[in-house]
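Please see the structure below; I have some questions.
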Amino acid sequence: MAAISTASSQKDTHSFFARLKRVTKSYTFRVVIQGIVTIWLATTFTFFLIRLLPGNPISIKIDQLMQQGYTLEEAENQAATLYDFNPDQPVLEQYIVYLGKLLRGDLGESITSAGTSVSQQILRFLPWTLISVGTGLFISFSLGMLLGIMIAYWRGGLLDNVVTALASVLSGIPDYVFAILIILVAGVQLQLFNVGEMRGGVNPNIEAGFTLEYIASIIKHAFLPITTYVLATIGVWTLSMKSSTIATLGEDYINVAKARGLSEWRILTAYVGRNAMLPLVTRLAISIGFVLSGSVIVERYFEYPGLGFQLARAVGSRDYTTMQGIFLVITVAVVVSNILADLMLSWLDPRVTLEEK
Amino acid sequence: MSQQPLVELHGVYRSFEKERVRIPVLQDIHLNVYPNEVLCLVGESGCGKTTTGKIIASLLDASEGEVLYNGRRMAEYDRKERSLIRRQMQLVHQDPFASLNPAHTIGQILGYPLKRHKMVNGRAELRRRIWELLTLVDLTPPGDIVNKFPHQLSGGQRQRVSIARALTVNPKLIVADEAVSMVDVSIRIGILKMLHNLRDMFNLAIVFITHDLALAKYFAWEGRIAVMYLGRIVEIGRTQDIIANPAHPYTRALLSAVPEADPNLTRKKQPIPLRSDEIPRLTAIPPGCAFHPRCPFYQPGVCDVSVPRLAQAPGYAQDTACIPLTTGEQLVPYGT
Amino acid sequence: MFETVATTTGLIIGFFCGLLPLGLGIKYQQIKPGIIGFVACLLSGFACGMWGGVPMIILSTSVVVSYIYVNRQDPFTSRQSLDEVDFEESTQEYIVRQMASLGRTIRAMSRGLLRNKGGFIGFLGIMFFVVMTVFGPLVIEYEGDIQMDRRQPGATTLLQPPSWEYPLGLDWWGRDIVSHIVYGGQNLIITSIQAGVMSTLIAVTLGSLAALLGGLVDQLISALSNFILTIPQFPLLLVLASILEFDNSFMLAVLLAVLSWPALMRAVRAQVLSLKERDYVEAAITLDLGLYHIIMREIFPNMISYIAINFIFAVRAAMYAIVGLVLLGMSPLTEPDWGIMIWNSRTQGAFYSAKGITWALAPIVAIALFQLSLILFTRSLEEIFNPRLRKGL
Amino acid sequence: SAQDAPEGTWFGTWPYRLPPDHHLNAYADGGPNTNLGNVYRELVELAPAFYIWSDDSYVPMLAESWGFTEDGSAYEITLRSDAMWSNGSMVDADDVVTTYALGKLTGWSQFNYIDEVEKVDDYTVRFHFIGEPSLLAEQLILREPIVADDTYGEYAARALELFETGVDNTSDEWQALLTEVREFRPEEYIASGPYTYTLDDVGDSYMTLKWQPNSIFSDQVQFGELRLWAGETDSTTPLVLSGEIAHSTNVYPPATVETFVEQGLRIITIPRGYGPAMLFNWNVSPWDKVEVRQAVALVINRDQNAFVTNGLGAVGTEYMAGILDSSVETMLPQDVIDQLDRYEYDEERAAALLESVGYSRNSDGIWADADGNTLSAEWIFPAEFADFAGASQDAIAQLNAFGFDITARALPWQEVPENIRNGTFELTIWSWGLASPFAARHFNNPLQRWVTALDDNQPGLGIPMTEYPYNGETVNLDEMINNINVGLDIEAQKERAGEVALIVNQTMPYVPLNVILSAEPFNTEKINGLPEDGDPILLNPTGRDHFIKYYILTGVLGPAS
Amino acid sequence: MSNVVLSVKNLSMSYLAARGRVRAVNNVSFDLHAGETLAIIGESGCGKSSLNLTLIRQLPTSAKIESGQLLYTKRDGQQLDILQLSKKGLQKFLWSEISMVFQGALNALNPVIRISDMVYDTGKAHGLSKAESRKQALDLFEKVRLDPMRVFRAYPHELSGGMRQRVLLALALLLRPQVVIMDEPTTAVDILTQRSILEVLKELRRELNFSILFISHDLAIAAEIADTIATMYAGEIVEIGPVYEVFYHPRHAYTLSLLDAAPRLSVGAEELHSIPGSPPDLIEPPAGCKFHERCRLATDICAHTVPPIEIFNGNHRVSCHHHQIVRKEREEVIQS
């Protein structure tokens, strides 16, 4: 019986259905479908959610104008025609229209800046978040790994005690506190840098381009937010890496490698480091997704033109379409970074094969 | 043996679904376990010994085929009876470190089943029973043991606790899954002897799972051995018959490969060379006789075509699953 | 939770509760544990009245009994053979024995607490905040109203820098910042703990269910957690916070819990899946000990340290989120509250004023210290719940 | 003229938006109105005239002369003939017509008063009134910046064509054109003022307005560029502190202002034109009872409340007449002023009032009626506005000390007006008064703003404006307010304002707590030419009539040497 | 026998534990000759692995070598004391002179890099070029009956347990050391795989002529491949001698008990005995002969006096008070 079934299953592989079955079972297919479904669900959820927010773009605008000293009459008349938004349209109808556009890759126009597409806005602001958050995460992850390995390898030493204590302290403080403290202490009190010059994403009078000056300016401006992100997250990475490394150090292959006379560097990197970082990769991916949405407060303090900054503005003015677009970006980022984590894990760890997962 | 078997496995198949791949672990197992007998399951790692043991102990269900307990299927019993039947089949695990909950004292470990199944009345009787059980498995003085946590005991002591725990519910059958392979050589025999004693005392049947043939031989000298290969039983019969006169090529290879604790004996042994060292994966079991790619007596066109069934071969007392043998042919080395 | 904060009645209750361990200690010459037991009863009675005193009687008496019991031979464990053993024991003896074992467990746990230096410092930190919120009000009066009379001649605000009279200075309303630090932790801490408890509960329940039941339930729970994990959390919280208009902080705790369980749920599920496969669980199944026993006695005790640690992390995360929400202008909490202090000091520009900087920093420091204590404390938790370190019953 | 830009730079702040949200279309959100605000926009696009508050007069900007026509049915302005746009074309009547054509299309409030904008000759434009002429309309006309025909002409022409056909603004054609106008993105910002900018000048942290030579003010101004730093209060504070900024229009909390003073910055205090008022929901008992409201007014110490609101930058309300105290003298007749109840702090009088409507203190010291209903309520306030939040918390504390039972709830600021509109509140705080020389506008906020100006399904404050109970009868308060500033007879307007003021004063439909001043930091190391304290120009409030606008244009302000 | 390669003299080592010093290796002396296979047998926890780690100085930081000499003679006759080597010197020395195959092949290979990388790493650390390493490795893979090219490119998880064990063997021989230490190299593998590894090992030994220090608790394997057997108990070598001597004429009660506890496959029904009790605490070992508490031959003298070391037939070294009784008993058993 077994003989027959194996033989026939080999024949099957050529039929159309078998191929279809293989496709539906393949990693890529599954991941893509799952990702799309998740994104759709999350999008739908947020769509209805944000329309439950009190106030709508028009009334918010009126109140803003009046805050600037316009009379109600003026403010209302101005605001009423400012936006192409009909608050009385049924939400379901809005949703269907939105979804239809989304399927065509159209994120719609910003409500509070008629004529500007949400994609334009996202293209404008996303890179800055990516630069700052990405670099921050990269630095804190790599530095945390390095420190973690080091203090685990020389555990019990002075370095270990100092770094562990410091990491514990750092991991106990929220990021926005770092943002405030950096500005206040380093900027205003100690005057270590010029607060004004450090704001924004790049110097205003620099030509955008692939020039040294431009890049230097980007780095300079991203410095403070990056420092904030690094300070806020490095402790956790260091401590996690430490415990992961300690676990790895107990493995036989490390002892064998030592006995084989390998250089300490080689052992530390290819044998300890690579194995110890495996459990951290998944967590790295999760954080990538989350920092995008978590940077609201920090970006606000540094006037950093990232997605969080724009999101805060959009929420404040109830710019539904922009909010929706940014939420979509964040959702996609979470989904994509999870996939990336899988890929990275399968690249780092040959035991993981995606097809089987 | 005309006795009513305790457990009967009729054409049992078992497979596991792992990451969307179906792994056929057991195929077409026919096996009876009789009261008070010793049955040894031997075979290489991953051949399905534990799975068989768990099916016997009703810890796992068969995917296909019938399992009868006392002649009836589990489903035919009512709730109460089922619980009783379950309890009559106990399993002793291989790893004495993992089989005792580190959070409980030995007294608690033994006390829970006693209390749960109302085997005792009152605290005094509970303590008396625990005492008896510990004495029974040679953990004396019991007072030293009851209040200890598992991590405070040695491996051998823990294994004894496991056995005592199995005894709390008055079982009829104990499946000892590699019960001594993780305890020290020097104390293995002690535990095995104790198992034998308990068997006599309580009329127990013991299914002894091991990969150590010498140990199997020692323990089941009066009983039976079933040799498994890739999810099938390839040979089953009285221990003495199999050891003296192994039929299946796989059994022969095994027996010839085992080193002996005696320099003269072991250096004189002639191992039967296999055609390949590679064990096929369960997901790609060779067609026909699963052993044929490695079998030194492989007969093309016979062995790789149809699956052999257990049957008595001429000249052998035991049952074996080898087509050439059961059809009365002589085994000739492949290629000659 | 601390509703019966430090009353005289509590003190009396605590005093009488403490007499039992003290008396026992004196009678059996275990003076030191007796006195410690007395003090523990006194303090906990003082802090929480009946709710603190009575449980503490049991705990402290057990500890004292465990010291006394060391010298007595257990008839059960001391004899060599079956015939000599007297298996009968009176209920009283039984209770005493059980108490001794409870006492020993407590002692083992406190040893675990002391073993890790960092963890112990964390514990002290937590205790500091607990004592501050519970007993602080005895010493320091809460100032909720504006104190116009503290306006100094010519001053344009009521802000004052630290002085002997007001060690942390005065806030914008001229109120003593110390009083707000002392009173302001309660709400935040309790809300965070509520959120932590709920999210841990949800995570543990759903995680265990998913792992134990498997199949469709498992898939549904996993899908739900995936979904929650992919929704952008922080903005979502922001939106929900303004939609739900929290009337009490409990709602906020619920919301935080609902959003934060998935990560822990996954871990618990994995944990239960692996525990489920443990041999001793299988043994319990063959012994037919029942599902309840398997979950509560076999699986749970081995997860407790993991759960406890994750509970701490959940509390931390909740506190982060609450303060973050406050900073974004969702301030569902009313004064006194550290988060609101940060908010107020920020809107009043205290960060940029030499007079106000302590107002701005005090709550931040308080929160950071509390969080740090929590983190450090997790190290001790591991030791406390490690059964390997518990010696004998 | 081939002259060079002046040397200096003005450092200001404004929370402008970043591209791509930032654009140059004055008729859409995200355009100059948003990005330059009412302070800086007129430095790019001049209005016909600038208003001086101290003597109620206009000084010319684009216009040369202005005034009502003889019969009063129209208003006429004549533009200066030498005014030029930055692209070289002249500022003429066509620009005005264009400005208003699109204004009408986008629904400007000027068209509540004017009917038609007629080009008389190249430099003269006539505005025809719908009804009676009014001084209010005059101000609207004179203070509206004029946009360039070169930029908007095409759309204006189409708008005018559309108006010819007689369709109204609900029609598809109208909406289609409106959408087109909204989405229009001018490439160049054509300026009549001495400054202009391109989108390249908009940076993440500041934008730069650059000098251009063609304006009538170009040779007067002393700054070669205006640098506007982005950001709201919290992110600009460090900049002010580090001396980066010459002047900021942001609202800084008093503690920060105090620090500014310590840093050597000059603080100039000018009117802001509003203050916090305690608002009642009239649909919720007992807040519809005049005695209760009066009692409330009596037991809040308004000076203390002002101090908590904004330190020395707020003044407790004195006259309680619904008109900003600074304007009471000029807007009301003296006999009315004498009759006004000042609601001095008086617990006994308040207690008597409450007892007169059946309240007494219960055992907890809380006021309760015969059925035991206490005077309890929830008070919502905007969390982000430190001043309003402070005022609320203080008022609540004071009321509770007297025996009310009020709980506070902070909300994101956007939610407070939303709740007011929907009538879903009991007590709250929002602004009262307005920086306007017209009494009607003072009364408008909050009386009309939160009642008659709302949609039909929005209960707002629940005040019966058209049947307002007063002295045992009802009056149409709404109409009374609307009529105040009609016509050109100033004395009659005073009388009418007086009647309303008395009603407000005696019935306390809301409690005007205090008036907030704008304490603005100026860095004298960066600028020169600031007015001395007490200079009449400092009566100009912040915002649209901010004095720096006038001083920059006329070159009074210049860089510090 | 020919010249001595490794001479261990009075080696003692202990671990620092919470309760005190764990004397895991106690005054151990033996000589390992060129081409000789020395098997060390003993119960779990008796210090076999600790001895091994001490020889190559790969002990954890909590361990301390207290005394002794490890004299090693290089091929060119140069003699050195391993304990005196500098860190650098040791790095060069290990693997090129002494290499080892660790207990538990599963974990001895880095799971995330290819076998080839591990080969290159090892080669590079000892000055071999990539090409040389590769050539050597492929050659050795061939010798241990692996498919060289496939294995060379594989990741560890792609290989079966037996293959991994052989890879480790090949890796150990990469630099042609004189001595290979093997710590239970076949415990975790199946009988047939174990057989093939043993065959490979024998072949390699014949071809490459290296000495083996073989650590095992399996008497049978020791019986099969060892030239000399050393019995270890509680950190001490209690008996050492040629394999036939030790198996057929043992002189230590512990060795005798071990032999009594080892089942043999081809012997039929046997009477076996386990050793009662468990190995002594290495922190506070018993006085006198450390085995006396578990020894059925023990007399008073055993409890007080440490038995002297006695040498029989020139190379059979024993320390047991009752060596004569032992010898007699065993001979009786063999006779029967």
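The letters A, B, C, D and E name the chains in turn, as written, and every chain counts its residues from 1.
Keep in mind that, in the parts below, a residue touches a chain if its C-beta (ideal position, glycine included) is under 8 Å from a C-beta of that chain, and two chains touch if they have at least 3 such contacts.
Keep in mind that what you see is a predicted model, and the values were worked out from it rather than measured.
With steps allowed only between chains in touch, the distance from subunit C over to subunit E comes to 2.
Each step here moves to a touching chain, and the least such steps from subunit B to subunit D number 2.
Across the assembly, the chain pair joined by the most C-beta contact pairs is A-D. Taking the mean of the C-alpha atoms as each chain's centre, subunit C and subunit D sit 52 Å apart. Separating the centre of subunit B from that of subunit E, both taken as means of CA atoms, is a distance of 32 Å.
The centroid of the Cα atoms in subunit D and the matching centroid in subunit E are 93 Å apart. Multi-chain contact residues of subunit E, defined as those touching 2 or more other chains: none present. Within subunit A, residues 54, 184, 188 each touch two or more of the remaining chains. Contacts with at least two other chains are made by residues 234, 238, 241, 413, 415 of subunit D. Within the complex, the subunit E residues that touch subunit A are 56, 58, 91-92, 94-96, 99-100, 102-104, 107-114, 117, 121-122, 125-126, 155, 157-158, 171.
Residues of subunit A that touch subunit D in their complex: 54-55, 59-61, 63, 66, 68-74, 76-78, 80-84, 110, 112-116, 120-121, 124-125, 183-184, 187-188, 191, 194-196, 199-205, 221, 300-305, 313, 316, 318.
Interface residues of subunit D facing subunit A in the complex, by the touch rule stated above, are 17-21, 23, 25, 28-30, 33, 37-38, 105-109, 112, 178-179, 182-185, 201-208, 229-231, 234-235, 238-239, 241-242, 244, 273-274, 413-415, 417-419, 421, 431, 434-436, 441, 444-445, 448-449, 453, 541-544. Interface residues of subunit C facing subunit A in the complex, by the touch rule stated above, are 118, 226-227, 229-236, 238-240, 242-243, 263, 316, 320, 323-324, 327-328, 351-352, 364, 367-369, 371-372, 374-376. Subunit E makes touch with subunit B in their complex at residues 43-44, 145, 160-162, 190-196, 198-199, 217-221, 223-224, 243-244, 247-248, 257-259, 261-267, 269-270, 272-276, 278-279.
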